[in-house]
Structure formats: C-alpha cells, structure tokens
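Just passing along the structure, written as structure tokens.
We call the chains A, B, C and D, going by the order they appear; numbering starts again at 1 in every chain.
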C-alpha cells in the first residue's frame, strides 16, 4: 500500500440523484474515475491533458463499490483515493467516500499500465509500471 | 423542410430520472443526439461508425428544448426527427417527443457540416453540404 | 442459480463513449441497472412503475464489473441478466455483456429486498424475499 | 436584468467528454442546472436541500445553448449565471461559460416558480415569484 492519499470534497448535485433522491450508482464511478486522474496528476506532477503523451493510458479492467450509506442531494462528501498495490503492469486504487467522517462507500478499481502502438493507435500494449512512477506515490 | 422523418421509441429508464421522478434535462439532449445519428444513418445508408470517415463530423452549434409535459420513469416516448433546413454548410434538425400522440418536448439543434484537416486532425473546417446528401432526405 | 435469463440488445451510443472512443465505465452500470428492472418486470409481470408499490424497493449494496473487451461506439451488444442467488432478504444478479457471442464484460450486483416505512418514507427496512417472487424466476 | 452574478470554476472531467475529446452536449445542461441551484442558494441564503420546502420547485420549460468554442478535457472553465428577468410566475437565467475570459458557451433557461399541491404532491401549481425573492437578486 502506497502512502500518498488524494482527498477532495464533492457536493452531490441534483442531477446526480435518482428518483429515490440519492446518488445514482453510475455517478459513483464518475467520482472514482475523476479522483484517479487527480491522484495521478497530484502524485506525478503531470497535467491530466499531458498524461497520455507522457506516460500512457490506464484502461480499467475491474471496478467495484460497496454502499454502506446512501449519498443524498446537497451533501458534501469526501473522497479519499490511494494506490493500494502496484503490480508488474497494473495497479489497484481504493476510493473511500465519507460523510461526516463515516464511511459511506468503499470502492476500488484495477487499471492496466499501457501505451498505444505508434503504428496502430487502436491497439494498446501493457507495459511495466516505471519505477520512478511508483516512487512518486511514496511520501 | 425535408420529408424524411426518423421515428423511434424509447422507454424512460430509472437512471434517466431526477429526484422529482421525471427525465432530467440532460437526457433529452442524449435522446436528440442519438436520434440525429440514427436519422443520418437511415437517410444516407451509412453505418454510424463509418460516418466520419465517409462524410465528416457534425459539431453542434445551437441546441434548444421546450418542455410542455414532463416525461416520467417507465413511460414509452416516441421521438420523431427531421432535417428542417439545409443551409450552405450547416443544417437544422427538429426533434419532437410525443407521449400517446401528445407533444411533450419540442427540441432542435443546428450542426455544422465539417471535416477534419488531414494535416492537423485537431482543426476542423466547415464545408458545403453535398447535394447528394441533401437529396437523400427527400423521400 | 435461477433459470430465467433476461436478454436485450443495446446499440452503444456516441454519448456513452469517452475520449478513447469506448464506453465510459459509468454507462455499464446504467446498462446493468436498466436490465435488472427489465428482468424483474419480465419475471414478475409487474410494470416497472408499479413495482415499488407492489413489492418494495431494491437498493444496491454491492456492484462490480470486469472488462475483458472494450465496447465501441455503434456496436450492438447483448446483455444477459439472471438472478444467481436469493438470500433471506437480498439477492445477487449477474450481467454478461457479449459482442458477437464473446464475453466482453462480466458484472454483478447485490440488492436488498426492502420496503419503505409507512410512517416515515425516508426509512427503509429489509424484508425476506417472498417465496412467490423466487418461484417466478424458475422457468 | 438583476445584478447578482454567481460565478464558479469547473474543471472538465474525462467522463464529461465524448469521442471527439470535447464536452458532450448533455454536460452543459448539468453545469447549468447545478449553477442555477447554487445561484439561488447564494442569493437567498437557503441550503439547496431546504429550498423546495421553503420556496417551491423550479421546473424547466425552456433551455438553450449556443456553442462558440469547444470545451476540452482538463480545461478550467468559468460559469457565470444571472437571472436576466423575473416575470409574474417564471424567470429566465443566462449562463455564460468562459475559457481564459473568452465566451465559449452562451446558454439560457426559463423556469416556472411553482409549488406542489399539499393534497396531491404529483400536481404542481405556478405561483407569483415573491417580491422578497426578487429583491435578493439585487445587490
């Protein structure tokens, strides 16, 4: 487990909520995806827009979420994100959403470290995660 | 106004609706966008995936919607879409959403007929709408 | 594992896709959620709109997806959904997305069988899944 | 035109963008809707969650957007929102999205000032916008 944690606050928007008045499941994964981009931007000091050119792409292979407490319209939630494991050419990120300090959603995602083929940008190839990348997640 | 009308039925999904239990405004424009793709696919006989390569891209410049009647979860709506005007290098599409034959939403969008620059795909250039394209919308 | 499988075809819409040109992760869970509603509607013969009044609500507690193959704009995918287990007051649904018969996404969700309190609709209470409900998933 | 302008910055998220790499049209209306909620919250000093109970609901009747410049992934945009007109029982909000001070999107929406019927919450009735509400938008 790496030590660098990226935290941000999000206010639940009206349009994020379903007829039950709570955050619709799809939105959790929007929150997670954006937090992963921000986590890498913060850890590596690379603007999101330059990330692909500098490092590669990070296709999702596994995602999950466990919901302990519904998130309601107007609530301010805190999302804490951390790389829990770097494997050879993939890594796992955990996302914890808390309301008033209480864990509401426990989520996770596994992504591949990959680059596009120069000759055929439609094709991607998994690559070992560079050591200097891993080092940046230790603070 | 061209004579070819593309019609499709959509069932309003739970996740399309907001805490008031009705279709959230953003979804109307998802419905419209997809109907425009399907309208061009049907009129021109070109698969959506090949459209850009064959003809070009169709960036939106203006969109609007007037809501007369809310659309609720589980309702079956009919979306009728038609090109109402071809201008030199743009065109206007109207979208009418009806429930049980009654007009619920009256929407419209204006798009530019454009191609990507071969040397710099980030740049796009407006082009006259080809006559053979316009002809396909008259049935 | 119950025997009733609900299958539907979905064409991947332009607005479902991200800058990489493939279905954005959030959309998978929109597909799954809607398939679960349709599965229950088909198995129980109850209109989605009457479901809550007749049976109760089905809050999500766990969701997951494993992505084997990206889904691209314009592709026709098949989603097959089935209740794999009824527990006392919850159940698990598996969703398989296939392209040309090949498994592309393997997803799942666990939901609670619950009802709203009559005196306080904000509060919900888990209830045993009725035997007659379970019976309808055996065909 | 009222004088109170609500401004906020939004960073365009990866999941807001379409295969062309720019903000998909539906997201503009998510930005606008949330800005309207925040505008009223700021002007009236009422938490979004208490708004309906205190004042009423604000169903959309007309929305529109004109796109002058595409919004790209990772860009920081500024959204400025202002009530341009209060009519008897409706009002108009304009939303201007700027990038580096340059107008990129010019949008607008008309909403009805309405309350739910106490006896039948499914029904809503338009009401005159209270004078004390209008006064709060003059600063």
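Here, contacts are C-beta pairs under 8 Å (C-beta built on N, C-alpha and C of every residue); 3 or more make two chains touch, one makes a residue touch a chain.
This structure is a prediction, so every number in the text was calculated from the model and none was measured.
**Q** Among the chains, which is located farthest from subunit D on the basis of C-alpha centroids?
**A** Chain centre farthest from subunit D's centre: C.
**Q** Nearest 5 degrees is plenty: how much rotation brings the CA atoms of subunit A onto those of subunit B?
**A** The two chains, subunit A and subunit B, differ by a rotation of 180 degrees.
**Q** Taking all residue numbers used at the subunit B/subunit C interface, answer same if over half belong to both copies and different if under half do.
**A** same
**Q** Distance-wise, how many Å sit between the C-alpha centres of subunit A and subunit B, to the nearest whole number?
**A** Whole-Å distance between the two chain centres: 33.
**Q** I'd like the Å distance between the centres of subunit B and subunit C, where a centre is the mean of that chain's Cα atoms.
**A** Comparing mean C-alpha positions, subunit C is 29 Å from subunit B.
**Q** Taking the mean of the CA coordinates per chain, how far is subunit A from subunit C in Å?
**A** Result: the chain centres lie 24 Å from each other.
**Q** Which subunit C residues reach two or more other chains?
**A** Those would be 14-15, 20, 24-26, 30, 33, 73.
**Q** Residue numbers of subunit B touching subunit D in their complex, please.
**A** Contact set of subunit B toward subunit D: 20, 24-27, 29-30, 33, 57, 59-67, 70.
**Q** Using the touch definition from the top, list the residues of subunit B that touch subunit A in their complex.
**A** 14-15, 17-21, 24-26, 73
**Q** Mind pulling up the subunit B residues that touch subunit C in the complex?
**A** That would be residues 13-15, 30, 33-34, 37, 47-49, 72-74 of subunit B.
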